[in-house]
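By written order: A, B, C, D, E and F. Residues from 1 in each chain.
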Amino acid sequence: MRERILVINPNSNKAVTKAMDEALGPLRAAPDIAIECETLAEGPLGIESQRDVDAVAPLVCRKIEAEAARTAAFVIACYSDPCLGAAREATTKPVFGIAQTGLATASLLGERIGVISILPSAVNRHWAYARALRIDGRIVADIAVNSTVADLQDERKLGARMLDVARELRQRHGADVIVLGCGGMARYRAGLEAELGVCVVDPTQAAVGAAVTAVRLGYRTLPR
Amino acid sequence: MRERILVINPNSNKAVTKAMDEALGPLRAAPDIAIECETLAEGPLGIESQRDVDAVAPLVCRKIEAEAARTAAFVIACYSDPCLGAAREATTKPVFGIAQTGLATASLLGERIGVISILPSAVNRHWAYARALRIDGRIVADIAVNSTVADLQDERKLGARMLDVARELRQRHGADVIVLGCGGMARYRAGLEAELGVCVVDPTQAAVGAAVTAVRLGYRTLPR
Amino acid sequence: MRERILVINPNSNKAVTKAMDEALGPLRAAPDIAIECETLAEGPLGIESQRDVDAVAPLVCRKIEAEAARTAAFVIACYSDPCLGAAREATTKPVFGIAQTGLATASLLGERIGVISILPSAVNRHWAYARALRIDGRIVADIAVNSTVADLQDERKLGARMLDVARELRQRHGADVIVLGCGGMARYRAGLEAELGVCVVDPTQAAVGAAVTAVRLGYRTLPR
Amino acid sequence: MRERILVINPNSNKAVTKAMDEALGPLRAAPDIAIECETLAEGPLGIESQRDVDAVAPLVCRKIEAEAARTAAFVIACYSDPCLGAAREATTKPVFGIAQTGLATASLLGERIGVISILPSAVNRHWAYARALRIDGRIVADIAVNSTVADLQDERKLGARMLDVARELRQRHGADVIVLGCGGMARYRAGLEAELGVCVVDPTQAAVGAAVTAVRLGYRTLPR
Amino acid sequence: MRERILVINPNSNKAVTKAMDEALGPLRAAPDIAIECETLAEGPLGIESQRDVDAVAPLVCRKIEAEAARTAAFVIACYSDPCLGAAREATTKPVFGIAQTGLATASLLGERIGVISILPSAVNRHWAYARALRIDGRIVADIAVNSTVADLQDERKLGARMLDVARELRQRHGADVIVLGCGGMARYRAGLEAELGVCVVDPTQAAVGAAVTAVRLGYRTLPR
Amino acid sequence: MRERILVINPNSNKAVTKAMDEALGPLRAAPDIAIECETLAEGPLGIESQRDVDAVAPLVCRKIEAEAARTAAFVIACYSDPCLGAAREATTKPVFGIAQTGLATASLLGERIGVISILPSAVNRHWAYARALRIDGRIVADIAVNSTVADLQDERKLGARMLDVARELRQRHGADVIVLGCGGMARYRAGLEAELGVCVVDPTQAAVGAAVTAVRLGYRTLPR
């Protein structure tokens, strides 16, 4: 019987979901695990404030509860990990937030993690969350490209700025691994790696990789 | 002109709101500031899980936006500080969460803070939040009485257990100040202080005290 | 019966005491609490070294003991919090140091605290003290204006430099709340707020606000 | 073309390697990645002291260099992560230490990590290493079963003791996820999970899972 | 020409000074450095509160200034390190506090430091100071024997209690090095080491050892 | 009877050993302790990578075991402290690593420690080690001169660069004490102190000073 991993994009931007889905191709090598991506239709076009995070959390929770019986593991594909705590109350199936998992993955690949964020207002949110997770000590800098999630999908518009920020993380802050701090940045991974020679973690890829492992090994978490 | 502080009880338990309101009496000495307590009618009867916290956050946010023009400062009277980040995006009027403010107040009165929580599941939530705020190093223990918010209102039922936990914080963990880790514990402050001789901080009282100061001094915060 | 809060300026500069006293006006709304400021006649003209801090500590202690019976709460109005520990041994009336209270207050108003100090030699002292209080993680920078306490009273001389440092804290270090790191800077609060739009905490105001709350709520601390 | 992950057991105990190999079965679902386990013939029978760790490090390094050209990722299957830093100097292929990866994996599955170690002398080594990695704040306790690596392979001898320690981690220290702190404990995972209902991470499984993801996603690390 | 190290006992108990002086015998091997111990006649009989610490600080400072020209290094022989900061402002000759130096020395001899204190009220003071120094993470426990400094000099009275506390540090808290947390405990070092087989650091000995090294190597500190 | 301190230079560069030996002159004042320096003939010419550190560790361990019976204390004179943990398992004679001891010594002389390293790749290693020791919070910067150990011996080549880095530590990072982060930098101490007026710690000198004290005071450590 096929097991299923559900990746929930909590914003309603289908272009973002599509880019995620494509980036997950390499993780679909074995046919016994299905990796499905869904757009949260009721979500905002981009999750760009704490208010947006708070607004989608109950929606994500409802979705996870509805799907838990027929799903082996979940990935919440927004870099603010909305609903992660509540989801872990609601199900014993492993639930991976892309911020937590992306940072944990990066911590295995480099010593000094740099993060690319969309907006300056996200940066303080990220730091507070990293402290709550006690991962803050591994992060050397978190820099914003100053873009909406929607604009991120236009590589001609944002490509140069993404590269500038990545270069600043690498050269000025000494980052030896970079985390894309938004679920909508998947399309930039290959280009940044090619240009800078530094390892770039797309957190959605990383979280789905962790979910595949979790399903194969049969991890079940304790209800919080 | 009279200034107004709005205290929002995000659960729908009017007995809790009434007890809070009574506990705020001593802070109403000057007639030029009104301290009003409101029950969030759409909230759950008690906020007892991360899911409950997530569920009320958008409701609190809506309330604060609706009241911001005619309110000088807000207090969110739930010890999980739901919506605190989003509220600070929504208004430049000072917004006080009772967990953050209760802990900051306790840090001025003692060296070693003990916290009384309602349920064991709250304890990990509290620790993660305290780390995010970087106040965790001041807390020596956080112990649950194992009660719902509703049952807390019955002193005959919970009084002995509250005293046991406070005594454990004081004697075993050396706490020299105790924070009531729930907006619905206000009625126990006087009894615990009388019995144990230790300073007990009701976080709603503390947050309203901070709000009074903030209004008098004209603090305005930067939008996040 | 009227309760009394005693604010002790441990330096002997009466111009500093007078400026403090004026800044406390907004906290005198209710007639049942008297807020009195006193100059420590035997203190140095400015407290500008650890040696000065050490020298005034026993004098402040003597003063507090002499006044404890007829005083409801104390504020030690020097940003090195001289005598704070000893005072808390000497009385169960709440004693507030302006550094500890100013930082705790700022932590409720912003995410990233900036501090303006008088002399470079104060900066390391401040950091060590902030670590002892475990508040250091909330402070993004502490920058000196390079002035004596006495010169601080001359706005024409120091005004521009105060603004430069505040702007550096805001723009380069991203501070979203600024603490005046000296009891003698009260006169600059309004101007900096007007100029930069950032919340500025005068620590003496903040500590007296906390003392008013403490008196109203009847806090008593355990003898250390 | 098939990619290959090499799992190096740095002790010379073939029974340990065999148990590891069997535990990796579920991760061999897709035929395009080979997971091979090798015993380091020159290693000691068990790695039970810092001296043992130091002794095998150069041997592991030599092995990794010799195999790098035809290997896509490495796993060093000893819970002291011998040679991890040097290996990352020697190759840009991802190298996973089972302690670092086991702890990072556990941090995604629970809030409070408990570790089972073989000998008391390992416990301080583990804490110092966890601090170096900045993961120490996630670990609630690390308790030794007092056994050699060799004896660990005898379930009748050690089974009861393993269960006792796991129960102490769960019940007294509140661990909600347990990490097996030795490459030779793989055989105990299923039994502990069945008995205690808590998630148990075999760090070799976790590290190989991470290696599979790394190979699929094409991670390459910067030479240190 | 002979260089001179001055050890200042800031309490006025000559029995303490005498015991210190005797304990320093082994450090007097080379004739070119004189190690002299002086009692601060104006000090209290024991330094047992923050108030006592504050009271002696200015006296110690005066002493150090008076002696600086003819002294190569100073040791302040009270475990609260009174005046240490001010002394370092007053002279560029190295000044060693016995708490700071005792802890630093212990950190080179063991992994887990236990401290024996005189009174429970000292314990919180010690922790706050250790945090200010950022050495707190190395200390596993700090336990009081409940004695005055004067009574400490009577081995028949305190010997058993000293041993009990040291044993608790060793066995319950796993300390592998013990620091005597009072300048007046020198006489117990040999007995505790003989009884428990654990390394015991008399902080006055340790600080004088550091002072000898500093004089030989010509260290001069920057004025703060 | 004469006691003996053995200083092991784990690289095979005799010029380094000779410079060390000369720098230890001032610590040889008393005739009852012999301080002997030995070059590890089998070591590499410089220890410049984690791989080098790992390679020499077992050799140092063998040396220490062979010499333990006739040696009172050991100093491992490489700033990566190779073998330090294993050496402390192998003998109860005190063993000092120059990095750990140099940093502990610097922490007694200044508030803000700056470190001069040889290569950029050493900097991350140093930080991870400092975290493991929990001394990282005392270090304000660690900057590389970009030289091999061998080239370091040529003052005409490296002198200017050493001074530049020291000046950057002092002026830009505010270091008030500087640690030479390599056993082969001893020759630069005097010049840097003369030029910058800042205290410079040669870690080999500092460690031998600590060893002299340890021998005089009879410290014995617990086997790990």
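Here are a few things to note about the model shown:
By our rule, a contact is a pair of C-beta atoms (placed from the backbone, for glycine too) under 8 Å apart; a residue touches a chain by one contact, two chains touch by 3 or more.
Since we're looking at a predicted model, the values are computed, not measured.
Set side by side, B-D and C-E show the greater C-beta contact count at C-E.
Centroids built from CA atoms put chain E at 44 Å from chain B.
Chain geometry summary: the mean Cα position of chain A and that of chain B are 33 Å apart. The distance from the centre of chain A to the centre of chain E, each centre being the mean of the chain's C-alpha atoms, comes to 53 Å. Each of the following residues of chain E touches two or more other chains: 111, 124, 128, 131, 133-134, 137, 224.
Contacts between chains form some other arrangement here, matching none of path, ring, star or all-to-all.
Residue ranges of chain C in contact with chain F, taken from their complex: 124, 128, 131.
Residues of chain E touching chain C in their complex: 49-51, 53-55, 57-58, 61, 83, 85-86, 89-90, 121, 124-125, 128-129, 131-134, 224. Contacts from chain C toward chain B in the complex involve residues 26-27, 29-30, 32-33, 94, 96, 100-101, 104-105, 107-111, 133-135, 137-138, 176-177, 193, 197-199, 201-202, 205-206, 209-210, 212-214, 216-222, 224.
Chain contact summary for the complex, chain D toward chain B: residues 111-112, 137.
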